[in-house]
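What follows is a set of structures for review.
Two complexes follow with subunit A in common, the first pairing it with subunit B and the second with subunit C.
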Partner chain A sequence: MFTFILRRTLQAVPITVIVTMIVFIVMQMTPGNPMSTLINPDAPPEEIVRRERQLGLDRPLYVQYLAWLREVIRGNLGHSTKGGRRVSEMIWSRLGPTLLLAGTAIAVSFLVGVPIGVLSAVRRYSALDYALTVFAFFGLSVPNFFFAIGLIYVFAVQLDWLPAMGLATIASGYTGWALVVDHLRHLVLPAAVLSLSTLATVVRFTRSAMLEVLAADYIRTADAKGLHPRVVVYRHALLNALIPIVTVLGLLLPFLFSGSFIVEAIFAWPGLGQLGVQAIFSRDYPVVMAINLFAALSVLAGSLIADVLYAVVDPRIRYE
Partner chain B sequence: MSRPAAGPDAEAAAVVAAPTARRTSLYGEAWRRLRDHRLAMVGLAFLALFVLAAALAPWLAPHDPFEIFRTPEGRIRIWEPPSRDHPLGTDRFGRDVLSRVIYGSRISLLVGLSVALISATIGALLGALAGYAGGHLDNVVMRFTDAVMAFPVLFLLITVAVVAGPSVVNVIVVIGLVSWPRICRIVRAEFLRLREAEFVVAARSLGASDARITVLHLMPNSVASITVNVTLDIARAILLEASLSFLGVGVPQPTATWGNMLHEAMSLTVVRGMPWLWLAPGTCILLTVLSLNFAGDGLRDALDPRTAIGRAARAAAAA
Partner chain C sequence: MSSQAVRVALAIAVSLSVLGASAPGLAGPSAPQRGGIVRFGTAFEPARLNPTLYPSPADRQVTELVYNRLLKPDYNMRLVTDLAESYEISPDKLVITFKLRRGVRWHDGTPFTARDVAFTFRSLAHPNYAGGQVAFASAIRGARAYRERRASDVEGIRVLDDHTIQFTLEEVHGPALANFTHPIIPAHILGPVDPAQWDRHPTNVDRPVGTGPFKIVRVAVQQFVELEANPDYFGGRPNIDRFIWVLGDEAALLSSLLAGRIDAMAVPVTEARTVRNQRQLDIKEMKANTFFYMGFNMAHPLFRQKRVRQAFAHAIDRDEICRSALQGYCQVVQVPMAAPMWSFNPDAKGYAYDPPRARRILEELGWQVNPSTGIREKDGQRLQFEMVYSTPIMATYAPLIQQDLRAVGIGIDLVRLDWPTMVATKLLPRTGGQPRAPTAQELQTWLLFRALLLEPLGELHYGCDQQPPKGFNFTQYCNRQVDRLLKMQLGTMDLSERAAIYKRIMAILADDIPWIPLYSSVDLYGYNRRLQNFEPGVNGVTQNVTQWWIRR
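After this line comes the complex of A and B, so read on.
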């Protein structure tokens, strides 16, 4: 177990290095000198000169890359070109809303997607399976911004049931329970949009994992000894089918990040995605590149965790 | 992956169906299976319409997509609701929405096909190289592939698109450059699996060169999975172009694309009061991507002989 985790972690190291290189190269393509944003613009002039020399701004690119990497590892992601705030602080302050939104989307995808996938597999080739399959393809095909606009039109404009903008009602004066309800009402539409494609992925994955398990000999044995079909499906089949589904969690993260940029921009959700889109429109490249880096590293960490979880629940993986 | 039959009848039908299959070519057989896939056929039918619309745009569109319409008094007809002259109304520049929707299919088609060409070329080359050579080269290529896949594609795209400047060509190149890892992985896996297969060993012992083995023996075996993934790549590319243009960093005005038509719906006024502006282009994106995904699913079933029994069983169960 320990050697598996160690080996898997070591595998992630070169990928992480390549990710940082890609970010650095794209940064070099942006106008202005990205390295100079690592220096606090409010520092005294002699301090700035000292830091420029330390970062190797007059040295070859690979020296600059190493200096940049050292700063990133120390948590210095540079300063925003708009207002000079530390980028790491800006990311940190936007993390909460994004985690809330993405976490809700993940929870919805699994809590709703797994039962639907099981149903689809058990009633294979029935009208229900057919309908659920079409629904899943719809979820994978609908552009999330179009879905968002449609939901806003129906639920916020026509029916006026739910708010379409922001994290909470501004200056509402709500406290306690009313405040929680207000937040939840604001969460419904963006979470619905963000979870649609991930939900569809979970449904398709659960369905094929279940089908594979349901074909196994031990399921026929369980059937043959007269167990109740529900026991066979849920206790014998589903528990085994759930093992590969764990890995889907790692696959969903890039989806969620990509989705959150559009969803947060449309619903004015004050998270990382909105920050990123705003930074792009104001050409604030240090913030843009830091978010790219942060997102890619989170995805790598996510897939590492998913693989480790997979090995924890499935001993066959560890000894491969 | 083994597939269970739907029931004892289907199982029997599958067993009977297999030997009665006529001796046809591999692709003839695949086409027969594809024809049985109802959703794929619906998808292909719609795609045919879509290609037809793109080809015949100048004859189908009621107006010039760039023409700015004015009232007799000379005022520009901004944001007019649907009327007989403009079945889908006019946009914020007073242009005919229906004509722009029809012309928009050309950009989607262009972006989808060009991106697929770029990503299939890069993906197949790198995948073949990694899978055939193995060892260190394989390691380097695959780690690079993993790294590219770790980025949330959309945001990386937005970044590069903004830096490169908005244009159709930039959108195509940028999407192409991030789309190849999937095909690369699949081709590599195929090459790795078949590299030591008996027919390859036989060819090698007859003195075939690496190039000959790669092109004549290994690549044809990857064509099926490349085809399926090219279909899905076209769908993804169309979605990505639409997302970029929706955010205003993709294909710029005055070119009509479904995505940049939806850009207007960034404003709540348009969402609330002018559904004709966003309903049609959004529906077109949805239907096109849906059709491509159906077609891809059908192709996967049709081209992968391992699922053939499953298809026969499905046909039997449906009958």
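After this line comes the complex of A and C, so read on.
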């Protein structure tokens, strides 16, 4: 197992380099550069060119990439070209909110989604199953932004129960429990929106995996020898149905780190997703590169964790 | 050409605006109360808090609370003293001497002196400085030599004593006084730092040190910028204790305004009714210092023909744009200038909406409608052009323009681009890294706006010698008479004389029509009625912020 993890980690190095190289090239091919958004008549084009030279944007592409790579290896992600802030500091300050929001959404999806999926499979074609299926398709098909605006309209504007934006009440002076409650109140709406689609995915995957397993011979055997239905469903069926569910978890993990662009933007949630969108629009190369590096690493980590979990849930899988 | 004095932000952002005709005293009978927090919503996040580094409108919203300048514009855009106590101009108009206020301190307690002023303007001309504000210093004698490393200092800046500073100009310069509206930065903090590194310095990132009415407490990126009242402010301590710029998506901010969680924000015209329907909210409606236009690239042989441009102008129903797309919050103008500017000409004759006349002009030029396409043709050439634009508001009326032009047989392909793409591929394309004027294939027509502060800066856009990379004449318009008049107004500091010359320039441009002026815009600020004395002005929305107060 250890050598497997080590080998996969080593494999990740060239993949990461290739991914960042592609991102770097695509980004540079996008029209405009960090200075394009700063154009104004006090800064006529020749002044802009002067600053580009200071930033090294006039150098050949490969020189710029190698310079970036060298600094990253030294642990330096550089400075934002938009405001001069340290990129590492920018990423670090957004990581907490993104982990909180996406983590809540993923936890809710699995804690609620797996039981619903099991229930739906066990009572296949019942009224309950149909109701849950309709709900799941609703979750999969309603766009995030639409659901978000609907929730804001109902709960923030009409009922005025929950805040519509931000991480906390600004300058509230809350401390201790009041502060925790304030954060939770701000978390409810964005987490609900973000959970909806992942929850629906988990429900559908769990249901189909369970249906397949429930049709297997050993389940019939377990039923026939008179085991309690709950034991059959949870011990015999669900454990075997977990593999596809673990795959979904592995796919969702990167989302923990990259955040949801749309949901974060709508709720003014100061996370990595929002940072990424703004960085792209302002052609803030160092920030875009850092976020992509982060996203690439989390995809690799997510699939590695999923592979390790396969071995945990399925004793037949062995890694040498 | 040394007159690139006051900046025009081309950035896509909320424009700074001017006080409208109405200025009701909403304060009521009660006297201002001290204390409280103002939460002001904004969709545009400040990025640079050092005002010498490419200030965007969003940056300026914050830096205007933190810094001061020698002179500042009042509600009528006339220059009044700020950090200066008084100033004197020599009879030959070449030497300007400022007496500075005494007893002013930087937020860290260090006394403010003439050395800070000298440092600020010298820095703008520093060889390593690349923050884009060099035009504010370039009229000073010796600034160019210093920038080109031919001199060790700027000859025309002289500190006479701690509270007196003298500037000598290269030549008589129309916008000379407007140049002294540049914010003053602290020499004791930034003096030892190489200007090339200023963007990474804490004074730019989150710890600016100024002399203004508010001090920065905290910059929470993508959340808020929190400021507290400066108790020692020379203009008097603000009534409110705290000012917080709340950052967020426009829709979310609007719901916060409706729910009373923020006190004010710039409201899009489409939401004006929603805000007006709330009893606790009201709207300040102001003529903004911004105008929108449609431009022609003169590199295209057809657009060099005045008659073709006239046909376009007669074909477009600008009143309809104003009425339907902007719900009436705008003023149709005949000249390419914002209505509140001193250089505006309200009497210039433009081209009325008259489609039959547009058709007649095109017929006379030999353009015949092809019945199968509805588009005019001549010698195998089609009257079909691209129109590029960028902002959401333009997206609401670009199709109206397309429809109007189509009705007279001109085909328009609408191309919406994000701003950096529009700059890099359309307005300022490059060859070998060097910006140049666009060809007729790259750019044909476009929609754009100009957000002005104090100076009209016409030469930058129409000057024959101002094609990129030198200036912004990507229109590639060149009219010797306009050129001469532009130079003439730069040669006098008498504002009424300059205004008279500008009115002539505007009359020529209205007739010659290199740009079709669309409208001068109106800004709307929604605010909660508990916020008192809220009077946004030319200097930005916080013009009289020290007098704001909260009724409890």
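The definition used in the following text is that the second predicted complex is superposed on the first by the 252 of 320 C-alpha atoms of A that agree within 3 Å, B and C clash if a C-alpha of one lies under 4 Å from a C-alpha of the other, contacts with A are read in each partner's own complex, and residues count from 1 in each chain.
In this text, contacts are C-beta pairs under 8 Å (C-beta built on N, C-alpha and C of every residue); 3 or more make two chains touch, one makes a residue touch a chain.
Only a predicted model underlies this, so the values are computations on that prediction, with no experimental measurement involved.
Asks: Report for A:Gly166: first if it touches subunit B alone, second if subunit C alone, otherwise both or neither.
Replies: In the superposition, A:Gly166 contacts subunit C only.
Asks: With both complexes overlaid on chain A, does A:Leu69 touch subunit B (first), subunit C (second), both or neither?
Replies: Touch status of A:Leu69: no partner.
Asks: Contact-wise, after the overlay, does A:Arg283 reach subunit B, subunit C, both or neither (first, second, both, neither)?
Replies: both
Asks: Give one of first, second, both or neither to describe whether A:Val157 is in contact with subunit B, with subunit C, with both, or with none.
Replies: In the superposed model, A:Val157 contacts both subunit B and subunit C.
Asks: With both complexes superposed on chain A, which partner does A:Arg85 reach: first (subunit B), second (subunit C), both or neither?
Replies: Only subunit C is touched by A:Arg85; subunit B is not.
Asks: Tell me the contact category for A:Asn40 with respect to subunit B and subunit C: first, second, both or neither.
Replies: second
Asks: Looking at the overlay, what does A:Ile149 touch: subunit B (first), subunit C (second), both, or neither?
Replies: both
Asks: State whether A:Ala265 touches subunit B only (first), subunit C only (second), both chains, or neither.
Replies: Both: A:Ala265 reaches subunit B and subunit C.
Asks: Following superposition on chain A, which residues of subunit A contact subunit B and also contact subunit C?
Replies: In subunit A, residues 30-31, 149, 152-153, 157, 164-165, 265-266, 283 are touched by subunit B and also by subunit C.
Asks: Within the complex, which stretch of subunit A touches subunit B?
Replies: 14-16, 18-19, 22, 26, 29-31, 124-125, 133-134, 137-138, 140-146, 149-150, 152-153, 157, 164-165, 208, 211-212, 214-215, 254, 257-259, 261-262, 265-266, 276-277, 280, 283, 288-289, 291-292, 295-297, 299-300, 303
Asks: In the complex formed with subunit A, which residues of subunit B make contact?
Replies: Those residues of subunit B that touch subunit A are 1-4, 6, 39, 143-144, 146-156, 158-160, 162-163, 235, 239, 242-243, 246-247, 249, 262, 265-266, 268, 271-272, 275, 278, 282, 285-286, 289-290, 293-294, 297, 314, 317-318.
Asks: In the complex formed with subunit C, which residues of subunit A make contact?
Replies: Touch residues, subunit A against subunit C: 30-33, 36-52, 54, 58, 79-80, 82-86, 90, 93-94, 149, 152-153, 156-157, 160, 163-167, 169-171, 265-268, 270, 274-275, 278, 281-283.
Asks: Along subunit C, where are the residues that touch subunit A in the complex?
Replies: Its residues touching subunit A are 4, 6-11, 37, 39, 45, 47-48, 54, 56, 128, 130-136, 196, 198-201, 204-206, 220-224, 226, 242, 244, 246-249, 251-253, 255-256, 258-259, 261, 418-421, 423-425, 428, 433-435, 457, 460, 468-472.
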